[in-house]
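What follows is a group of structures, each given as structure tokens.
After this come two complexes, each holding subunit A, first together with subunit B and then together with subunit C.
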Partner chain A sequence: MMRYAHSIVLLVAWLLAGGGAHAAGLAVIVHASSSVEAMTREEVSHLFLGRIKTLPSGESAVVLDCLPQRDAFYRSLVGRGLPEINAYWARLRFAGRTQPPEQLQDGRAVLERVASEPGAIGYVDPVLIDRRVRAVLKLDY
Partner chain B sequence: MITEDRQADAGPIRKVSSSVVRRTTLLILFFAGLVGIMVAMGSTVLVAREERQRLQQNLVELMQTVERTASIAAFARDEQLASEVAQGLLRNRAVARVVIREGGRTLVEHGHDAEQRPNRVLPVLTRPLMSPFSPKEQVGELEVWPAIAKIEQDAGAYSRFIAIILALQLVSVVASVAWVVLNVVTRPVKKLSDELHHLRIGSGELIPLPAGHGHDEIGRLTGDINALIARMEGMLGAERELRAEREESERKFRLIFESAETGIFTLDSSGQLHDWNPWMARRLGLAPDGRSGPRSLRDILGDQASRLDALMVRVLADQRPAGADFALTRRGTGTLWLQLVLNPLPGNLMQGIVNDVTEQKQAEAHAIAMAERDALTGLLNRRGIEHRLGDALRALDGQSLALMLLDLDGFKQVNDTLGHEAGDRVLATVARQLESVVRRTDLVARPGGDEFVVVLQSLETVDTARFIAAKIVSTLSRPIDLGDGQRAQIGASIGIAYTESRQDSGDALMRRADEAMYEAKRAGKSQYRFAS
Partner chain C sequence: MTPNTPQNRYTLRTPLQRLSALLALCASPLLHAQSAPQEAEPTWHFSGFGTLGAGYHGTDGVQVRRDLDQARGYEGDKLGFRADTRLGVQATARFGPAWGVTVQGLSRLSRDNDWAPEVTWAFIRHSPTDWLDLRVGRLGVDIYPSGDSRHVGYAFTAARPAPEVYGMATDDRFDGADVTLSQPVGSGIASFKVYGGRGRGGYYLYGQSLANESPVTVGANAQWSSEALTLKAAWGSTYTAKDPSLQPLANALRQVPAVVSPMAGVRAAEIGISHHVNFASLGLLYDQGPLTVESTLGWERFTAFPRYEGWAGTVLAAWRIGAWKPYVGYARNRFTPDDKPLALPALNPQLVMLQSVYDRVVDRLRIDQRTVTLGARYDFGGNYALKFQIDHTDAAASTLFLDRAGMPVSDVSTTLYSVVLDFVF
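== the complex of A and B ==
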């Protein structure tokens, strides 16, 4: 009951702060010149978890993590929390050849990187999206 | 000598009893060994199978351990990680080969080609690899080939180890069992057997109770044996007493048998003597106590054997005792009279008693003789001559007989003048003279007073009678010397009855002779007359 009440309080606070101006979620973005128009969740998850190393267009992919939104992204994408994702990568990094995505400090850094490097792929708050990039998958949370 | 006997005696026994100990031990060893080998063989197979299953289970667990990493490697299609996993798995001796597949592609294939193909017992183990992010999505496959040779080797080594442990355990158990059987059962039994073997029954010895076996079966066996020994000794004692009694009574009977003044014997139906006592041996001149074999009583009795046969037939037929007297003529000792009484025994045998009745017979004969004799002259008296005359008449057979009745003439005068003694002497002298005149077969008697009777038997002719009568008359007419210078002159008048017929009675002959005698007296005495 208490938790429930707390959630209601938070929701009300979020609504008053004008959070309803855009939909809550993340957008997976690629360079605007890329021929990739859209990707499935599976394609995205395989790309971010190292199973696939190229974009559907055939370009070699540069995968970028955005630290503030990492937890939300992976939870939304594969339903796993950061500890599991980190453990997964720990094994691969220790014994394997597959490298985890490059980790950037915030959404803007991700945006700038995707905008400047063809083949890069990352995820940002949809509100940051501009013409230099194209959203290929939207994730709600 | 005694110790030698003992040793010679104990030799084979020790062998036999030690063989009981050895046999028990060998049997225990044999069966335990047999069971041990079977158990070891069975356990080897079972243990090997168990070990194989255990190793296989180990492989499965091993695969489970690396499954997640293998899944990640498959998901990320990372050959290096996959290779790491494969090498990790191959570090286990039981793993021969590892293959990790991703989709249709072989991600990694490590290990050598199995020297032995996987078989039904040890198949290739395969595990699907699921996506680490969606457990329902298969991303690859982990395949592990068991190292069959190594597994078999390990299982074999382990089962051999188990077999050795079992064998050691078995050996120690067998040794313990053998030791226990030897010391708890076999040795006490052997000791008991030895004690019993060397026990001298009748000495009062008993078997000592084996130490520590007071309340078990061996103790009970010892007790029972001792009870049996005691009973046997009691019986032996009783038997000894009985035997002593029997010997004593036998001795008494033997004494009676041997010292009896009676012959005691056994006889079979053919007249053979089987046993006889010393008295009998002495009297009949037999070998002492019948050792020299049967003797025929029939032979001993000689011409009286047929009477013995009759007696035996009677005894055996009537099955009743019967007896008879037998006279044996023996050189030197005269006639031996034996009174034989036979008593039937079973089996056509007879028990006999024989008594020497010679004296009774003699006394009897003497008494009979005395009764028929005249005490003064020793001639037959009236009774004697009547008896003999009857016999002689009955014995007549074609011959003739003469009865002479003789009366002394002048005897009364001798008696009166010279006295009775002289008369008696005259009578005795006359008797001797008559006996000297007649033949040996003739009878001379003095019926009484001065009367004499002479019976001439077996006469061929009357002349013989006449001749003898004349001789008597002439002999008696001579004076008789009475000693002391005295002489007696007597004579004899004789009446003679002559007959050839056995129908005549003695009395009739006497009367006829009497009449003839009186006739002779009337005719002048000292002469004879024949009865008409």
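== the complex of A and C ==
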């Protein structure tokens, strides 16, 4: 009986800890030919919040959002959910300051775009990454 | 103050002509020659924003306005739909990484009591680097945090930016240029902007639409933004060289013999035809996790007789709970005239009437009001926000609130219930 109780306690603890799920994360990626090896969280947030428009290498950046993972990305990057991010972009866009990142339908579309366009920067599930792109920042959520 | 005329209003016709000129310039071979080689064709984006608003309050005979630039507000004991409702559309084009053009139009209840579309933005941008941004054309005056997007309800947590602060600044756009320099400072980006041009200015008061004739607008601001925090300090000024609206009063005062009232001539000499409106403000926006805090403190001086000076402030705090975001806010403003006493002897009806007019002119822009706000925002569909808001206002004197004849009110206490649907597309 005690053995069963111990097992149940372990099972509950495992489930509470998000048991079974792999550690969720996102990778910020650039073109493999880019001279950018790594980026800080601040550099990435400035790019994705429209405060700067070039990569650390000096290339003009094409910033890409991945629709299914937007919420997780911005919560992990700047601690804000989509309603706050959308309101933020409404403020900037309609005050004539800058336009929000282009939104793509899924991670594969982001991967293909970054792989084919030097200067593009996006985020995908790390399992999608191949030799055509380089991860410059990893985010957990 | 001068009556509004077709020449000093921004109607659709003239802006369309200017827009054509802008687009023609953008399409010029010179511009294309400087475009990035990888982006030969311009990239166009079309978008828009709007608000459907409804409001009710039970204070009979009082209209609650959102800003001075509206002829009407929510009337007492009636469900109103006009004060917050608006629609804006925007077209932008990029001509390579460094050049772009933006045009934006807005329709809302104006100070002429119509919904005539206005061109609120129409400019060419040149951004050769991250650290330099130049814009030429029609631009927004950048005094308060988010002041240049005050018509975009979706961008604000509350149903409307605090009227006590944002509703007072009607000199909100100009035809000219601005330059922004940016630089990383600490964990954020610091920017410094200067701007100048020919502005617009006007308001509805005393039952009429009043407009300044193309005042000169200049200003500067400094801002620092990090992941969660934005701080802003701003200064702005508009100068109107010719505003003869008080000259009839000055002429009447000059007719009063010195033996009757030596002070009448003194006051007449103080009434000029030029004036400045000077603004300064400090703003804070904190947005991290579920918490949002917005605060603005502004100071204003209006040098037209008798000279007004005052300040306005607002603070709003909100907490995100899933799709809901309840918030509470407080706003206060106080704008008072300099003490310019005049006591005309009541020797005849003309002097009695002149005394009455003088007293009214001196007091014409006095404000002393405070508002407590309670509300909740509900986000849905990715681009929509439904807001329920209660504003309780106590006003010892107000030019934002009007009576049925369009005159300022005093000693009013009212509670406004609002429901607005904000959207972007």
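The rule is short, and it goes like this: the second predicted complex is superposed on the first by the 118 of 141 C-alpha atoms of A that agree within 3 Å, B and C clash if a C-alpha of one lies under 4 Å from a C-alpha of the other, contacts with A are read in each partner's own complex, and residues count from 1 in each chain.
Throughout what follows, a residue touches a chain if its C-beta (ideal position, glycine included) is under 8 Å from a C-beta of that chain, and two chains touch if they have at least 3 such contacts.
Please read all numbers here as calculations on a predicted model, not as lab measurements.
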Looking at the combined model built on subunit A, do subunit B and subunit C fit side by side or clash? clash
For subunit A, which side has the bigger count of touched residues, subunit B or subunit C? C
Touching A:Gly50, do we find subunit B (first), subunit C (second), both, or neither? first
Touch check for A:Ala95: first (subunit B), second (subunit C), both, or neither? both
First (subunit B), second (subunit C), both or neither: which does A:Val127 touch? neither
Touch check for A:Ala38: first (subunit B), second (subunit C), both, or neither? neither
When the two structures are overlaid on chain A, which partner does A:Ser60 contact: first (subunit B), second (subunit C), both, or neither? second
Taking the superposition on A as described, I'd like to know which of subunit B and subunit C A:Gly79 touches: first, second, both or neither. both
Looking only at the overlay on chain A, choose which of 74-82, 128-136 or 290-298 in subunit C hits subunit B. 290-298
Would you please give the residues of subunit A that touch subunit B in one complex and also touch subunit C in the other complex? 45, 49, 51, 78-80, 88, 91-92, 95-96
Residues of subunit B touching subunit A in their complex? 69, 72-73, 75-81, 84, 132-134
Would you mind writing out the residues of subunit A in touch with subunit B in their complex? 45, 49-51, 78-80, 88, 91-92, 95-98
Which residues of subunit C touch subunit A in the complex? 36, 45, 47, 49, 88, 90, 92, 94, 97, 102, 104, 121, 123, 127, 129-130, 135, 139-140, 146, 148-149, 151-152, 154-157, 182, 187, 189, 225-228, 287-289, 292, 320, 323, 325, 377, 379, 382-383, 385, 424
Residues of subunit A defined as touching subunit C within the complex: 41-42, 45-46, 49, 51-54, 60, 77-84, 86-88, 90-96, 99
